[in-house]
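Two complexes are shown next, each including chain A; its partner changes from chain B in the first to chain C in the second.
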Partner chain A sequence: MIKLIAAFLLIINVYASDDKKASGIFNLILKEITKKENPRVYIHTNIYSIEQYPGDINIVTDCNKADIALLSTTKNLPPECNKKILFGSRYSHLKNPNVIGSFFWQKGRPNILFYKQRLKKHNIKLNPSFDKYIED
Partner chain B sequence: MKILLLILVFISFSYGEGIDSLLNDYAEESELSKKTKDESAGNLIVYTRDDLERMQVESLKDLLKSLRFFSYAENRLAQPDILNLDPISYYSKGVRIYLNESELLSPIAGSGLILFGDMEMDFIDHVEVYIGFPSFEFGVEPATVVIRLYSKTAEHDEGGRVKATVGTHGTNKQNVYYTNKEEDFSYFIYANRTDDKKETYEHDGETLGRDLQTNRFYASLSTKNHGVELHALKAEGDMFLTSAVGNVPRDTYKRTDFIGLSTNSKFLSDSLTLNMSYTNAINDFSSEYPPGALNGIPVLVFPFEYHSYAQTIKEESFTASLKKEWDLDSQTITVGAKYRYKHFDLTDLVFDINVPAEPQPYKVENVYSIFLEDLIHIDENNLITLSVMNQEYVRKGDVDNQNTTQLRFGYIYTDKSWVSKTFLSSQEFASEPYMTVSPHYGNEELKPEKYTSIIQEFNYTISNTISKVFLAYGTYENMPIIDNTFKIQNAQEDVSSHLAAAELTILFSEKDKLELQANYFYLESPYLSESTVHYNYVIRMLNSINSFDIFNELAIHTGFDNVDDGYNYSVGIKYEVNKDLHLNFKGDNIFNSGLEQSFINQVDPFTGEVTDSVIVPKIERRFLVGMEYLF
Partner chain C sequence: MNRSFKIGRNFVIFAILLPLMTLLSIFIYSEYVKTKDTVFTIIQEHLINEKVSLLKNYSSKLTQRFGNNLQETLHNNPDLYKHYEEELSLLKGAEIKYLYLLYKDEENKFRYLLDTTENIDDKAEFNQKFDPQTDIWEKSYSDKKLQVTKQLDLQTLWITVAYPVKIDDKVIAVLGADFTYDVYEKIVNTLKPMEKIYLYVSIFMIIMLIVAYILIYLYYVNRKRSFIDPLTKIYNRQYLNEYLKTSSLEHYQLMMIDLDHFKQINDNYGHDVGDKVLISVVEQIKKSIRQEDILVRFGGEEFLVLIHKQTLETCLTIAERIRNSVMTHKIDTVNKHIVMTISIGVNPFPFYAKNFDEAIKIADEQLYNAKVSGRNCVKVSQEVNKSQSQTSKRIGDVKSAIDENRILCAYQPIVSTHNAQTQKYEMLLRLLDTQGSIVPPLEFLPAIRHTNVYINITKIVIDFALKTLKENSFELSMNLDLQDILNDDIMNLVKNGFAEYPELRKRLTIEILEHEEITNFDIIKERIDSLKELGFKIAIDDFGSGYANFQYLLYLDIDILKIDGSLIRDINTNKNSYHIVETIGSFAKKMGIKTVAEQVETMNELKVIKSLNIDYVQGYLLGKPSFEFDTNPTLQ
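Up next is the complex of A and B:
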């Protein structure tokens, strides 16, 4: 019983962490973009929250095998990622026209932003709950 | 067992919640204030990033004006001094102010509030205020109030921002920051220029001003375990009434050039911290008085007639602080050793008449401080804190050293709805250099002051309502006062004070909240005259409607000496045009009925009665419009 309680507390504790919550949001977004329950994600170069708590995400090390590439930087992106859907983790990543959207911090608050034309280019239609995060 | 664990894992990894609630939950959980605040360190008030943004906090003054028990105040030189007791030039020496891990220090005044109490807040993420003799972990020397300012970080403010504001009397402010995170480090760079223009006041045919121009630069560079910060300030403006009681100046000027450099490092899994900081400030003051103004008027501060003076005060400090923490099974023990070097020179003082220079009793003070703090976790609901700190003030010259000791006991009870904090403390405060070295009002014989206090706080949280009750009682030995010759002395009699506050916060929704506060402050007079009793009430509402953030605040102050009751109503509206562009409007004290402050101008030399005062608003009426652009 003590082990059970300890295990429960451990999970609650993990759940409460920022990184876990960030990973939860990445999970929701990436599943929505790819329409897959276990999307294959290539991470360039590192995103601690999702590497630590991947959730439903299947992290792959070869961009060719990925459904989507998640970026911590747009610099030195492997050429094989150029044809993939790119999703950013900073506002500045949206300067790259190939990045369809980003989950980032700005003015002390987390934000999500997609550009309509870029979604359209990849034939991605998001759930209406994402409408407020889509700009022209 | 495994099945149950799998179910729990599944629950914790299920993403069935909507994106909006996940995002809001994440924003709330990631508030930087949650990472820095320390409930066991004292009686805490937190202004989160969201509060600062929606309240449109332009400067620290905007928070201090409605802080529990206090109202923002300045001294005769238009310097921030929230505990001002005119005509003593500075009284807030126990109010310590920190920027991240380093203290913003004025070695001569004891506290940096005198220089930074009205600092613009555009580079600050959140603010913590610990009221009532907080933890000894914070500083080298003891404090009555600790204000901790935390700068913005690359993690939560990636990119840049430019901001411009204009307002009443031609007030204007412009600033820019840029922050970024690289693979192994992050940096933040900020520059600001503020031209704060205020109303002028006529008295005895002269015009008194309180304008201030500020230029600030701040930069930080951080790695996982180390950080370095550079902070530079140039401020110049009017000196209002000056410290020459009995004389209304014709022209005044003050200027401060400050530079601060600090480092912070963590070792041994963050259990060992080493913080170091260096500050250097040059303060110029000058004033001119009209010809003949001194004829027939008692000159109360200086025993000679003069019509102008100029002084340069140089200050320098170095602080090193080493702290080690041991996390044991049921207790956390922290031991710290700190050293502070202070240098101050007031001898560059020139009058328009030949006055022989008086030597300064001492120019250097070394402070050696050690502390021990033990947090004992009795069980998951009960925590005891035991703290002891001691300082040795070693002063060069013939001035006696001072040794001061602080003791603190705390008991904290926490459950799902209740928090109860009880703190008992006995604390000695050394006299600060400005009280001892001045040849005109200083006193080398001052004894340390001693506070004994008991503080009780109850917090009750249920549903969307947070209630707080705060009660405090204290006695004060050797309180510094001004005697008949305008020299600082220790009061002969002990004085007592008691304080009480009740606060209620109602969260109507995630972005709509109402705060109601009432507090009471009683202090016996050290002059054996009438006691000080005043009441403060604050009603604050924060609302968000679509792209608008709306802020309303009414602060009522009653019972203050020699002034009418104050009703300070402020309002702010912020409009998010898009993610990159925000417009804002703010009005402070918009009915011009806020609390005023009375400064002594003339005193009857025979009866000691104040026969003439200069009365000005603590917070002036002003309107501001501004824009922010993010890039």
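Up next is the complex of A and C:
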């Protein structure tokens, strides 16, 4: 699995645009978190890459129907999303304790970060290949 | 019959030069690209080295200040952290986009200690995890050396360097510097204009090459078309003229073919039928000859065939085969079948003729004989057997004469009209028969021409000239036929024979004789110029007679004109001769060309010639050709 992720990241890094790369990584992460092949994702408020290239993700407009909420900002989050799993797209989103992890670009490089306790809180177990992205 | 056309020298030069130039420009372009890469690498190394030396100093400062407690100290002293981050940011410059300090924790994860990034979205927090995309960070820890990688997959970054911060040979952190892609672009943009110029020149050259080859192809297609008779699709007369410029008839027999009563076909059935008959007859002739034979439509219903390298018997068999093939072939026309017959005249040895026109004339005479003999037959030149046997005999005689040293040179004085002194001697070839009688060259040279014996005899003459010039101080004249000038073997004999004697070359005049009209002055001029460059003087013999005319003076760089004896004879009584010689003398003076009057035999002739300011005289009056040198000619 590690090799698969590494190969995937390498391939999309080399050949895809940043938006395609980001969408590919989001797909991989969200499918792993939800353990679904076609996770229903609510986007707050907009994330261009995933909207433009949704891949296997099923974008929903009602957070009630979502498996997970993907954030471009933590402000003005609809109340119905409060009980949902939240995943950020910036490092700063992690300051919100309800956000279990984030995928973001820093210095032109893709970064993935999860917090162990927050994953535990939502009873989420990730594949060991994600271990290097998990922080205590 | 699909004979390829001779390719000119200019074309060969052009065909070689143009691809060479193209290859050269491509080579220069590729070399430039290589050089550009080298320059690029040098600039890159220079930039990296410059920054690395700064990182090295900074690293020393860190280790001196913090020792092994770097992470702990920075964590516990926010002011110190801020101070060192600011200090690190001073090293960035325009080339580095991101500059940061990482360390590896117990879980082997890389984390930020310092980050000089100003953009808040890109700036990492203290101790934030760093996800490595390459293995340079691990390597800098394990190898304890500077690591450099090109960021092929990150769009805004060019190169990343990882510089290990060490204490006692133990790596405690890594300084990371991401060089901005802007630097790469700046270097590329600096070098690009030159690269473009080279690229455009190469593309231009390749396009020119393609265009040139297309033009050459079209030229040769058109040229070939101009040599093909549009009706019968065989060569026309123009091709024959072109072919004969560069080829000899030595290996051919010549046939003239004429369709019997062809006019009646045209008159009775119309020209369309006439054309069909011509095409059909050509097809029959083509079936009867071989690929290496040449079939030419010589006139309306007249054809010429050059049969390549056959015996007389085979040649006659081919002629009969052609005649039978045409005679037995029924030509289908709209209403009826037409049977044509042809008459053929054969000249089996066309190369013995003085020139090509003469060779055709002989074949044409036989064609005429065939016509008056009732048509539909083959007639061969009656001189064939005689010529053949005479030729064989002559070649044998000359070979024997060479073996028995009976080939000699006689010398005839050429005397100056200005000081009555012998200016030079003309060498005249002589063969002594077995009885010791002199055989003049005209009796044996035609038979041996185009044979190796002719080359051997020329070598003997050249050896005579060399020997005579070495042993005497006077000048010599040596005769060469125009065909000799065109013959590479003979030209090499002359050049090689005199190669080591530049002084002797200056005392030798080459008199050029010819018995057919020059059609390709370019080649003759080139050959004559090459002889003149070596120091030889060039004279035109028999000027004013036959083919030797004023055209030579327009095209060739001549030193001496030898006025033909036919104009000198009776010059004292024949006004026409007088005026012609006067004109030649006057014209030559203006051109800076010396003149020699040949065959001066009487005092009256000599007086007139002297009055016309002719420079030199030669003839029985001044001295007959002799194997001894006559040093006291009569010139009163």
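By our rule, the second predicted complex is superposed on the first by the 119 of 136 C-alpha atoms of A that agree within 3 Å, B and C clash if a C-alpha of one lies under 4 Å from a C-alpha of the other, contacts with A are read in each partner's own complex, and residues count from 1 in each chain.
Just so it is clear, contacts are C-beta pairs under 8 Å (C-beta built on N, C-alpha and C of every residue); 3 or more make two chains touch, one makes a residue touch a chain.
Keep in mind the model is a prediction, meaning the values are calculated, not measured.
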Quiz item: In the superposed arrangement, does A:18 touch chain B (first), chain C (second), both or neither?
Solution: both
Quiz item: Just chain B (first), just chain C (second), both, or neither: which does A:90 touch?
Solution: both
Quiz item: Is A:112 touching the first partner chain B, the second partner chain C, both, or neither of them?
Solution: both
Exercise. Considering only touches as defined above, state whether A:27 meets chain B (first), chain C (second), both or neither.
Key: first
Exercise. Quick one: name whichever of chain B and chain C touches more residues of chain A.
Key: B
Quiz item: Which residues form the common part of the chain A surface touched by chain B and by chain C?
Solution: 14, 18, 90-91, 106-113, 132-133, 135
Self-check item: chain A-facing residues of chain B, complex
Solution: 1, 4-5, 8-9, 12-13, 15, 18-20, 22-23, 25-27, 29-30, 32, 49-50, 53, 125, 152, 155-159, 161, 183, 578-579, 630
Exercise. Note which residues of chain C are touching chain A in the complex, please.
Key: 97-98, 100, 109, 117, 121-122, 124-125, 128-131, 133, 151-157, 178
Quiz prompt | Complex contact set, residues of chain A against chain C | solution = 10, 13-14, 18, 90-91, 106-113, 132-133, 135
Exercise. Would you pull the chain A residues touching chain B in the complex into a rising list?
Key: 3-4, 7-8, 11-12, 14-16, 18, 20-22, 24-25, 27-29, 31, 45, 55-56, 90-92, 104-113, 129-130, 132-133, 135
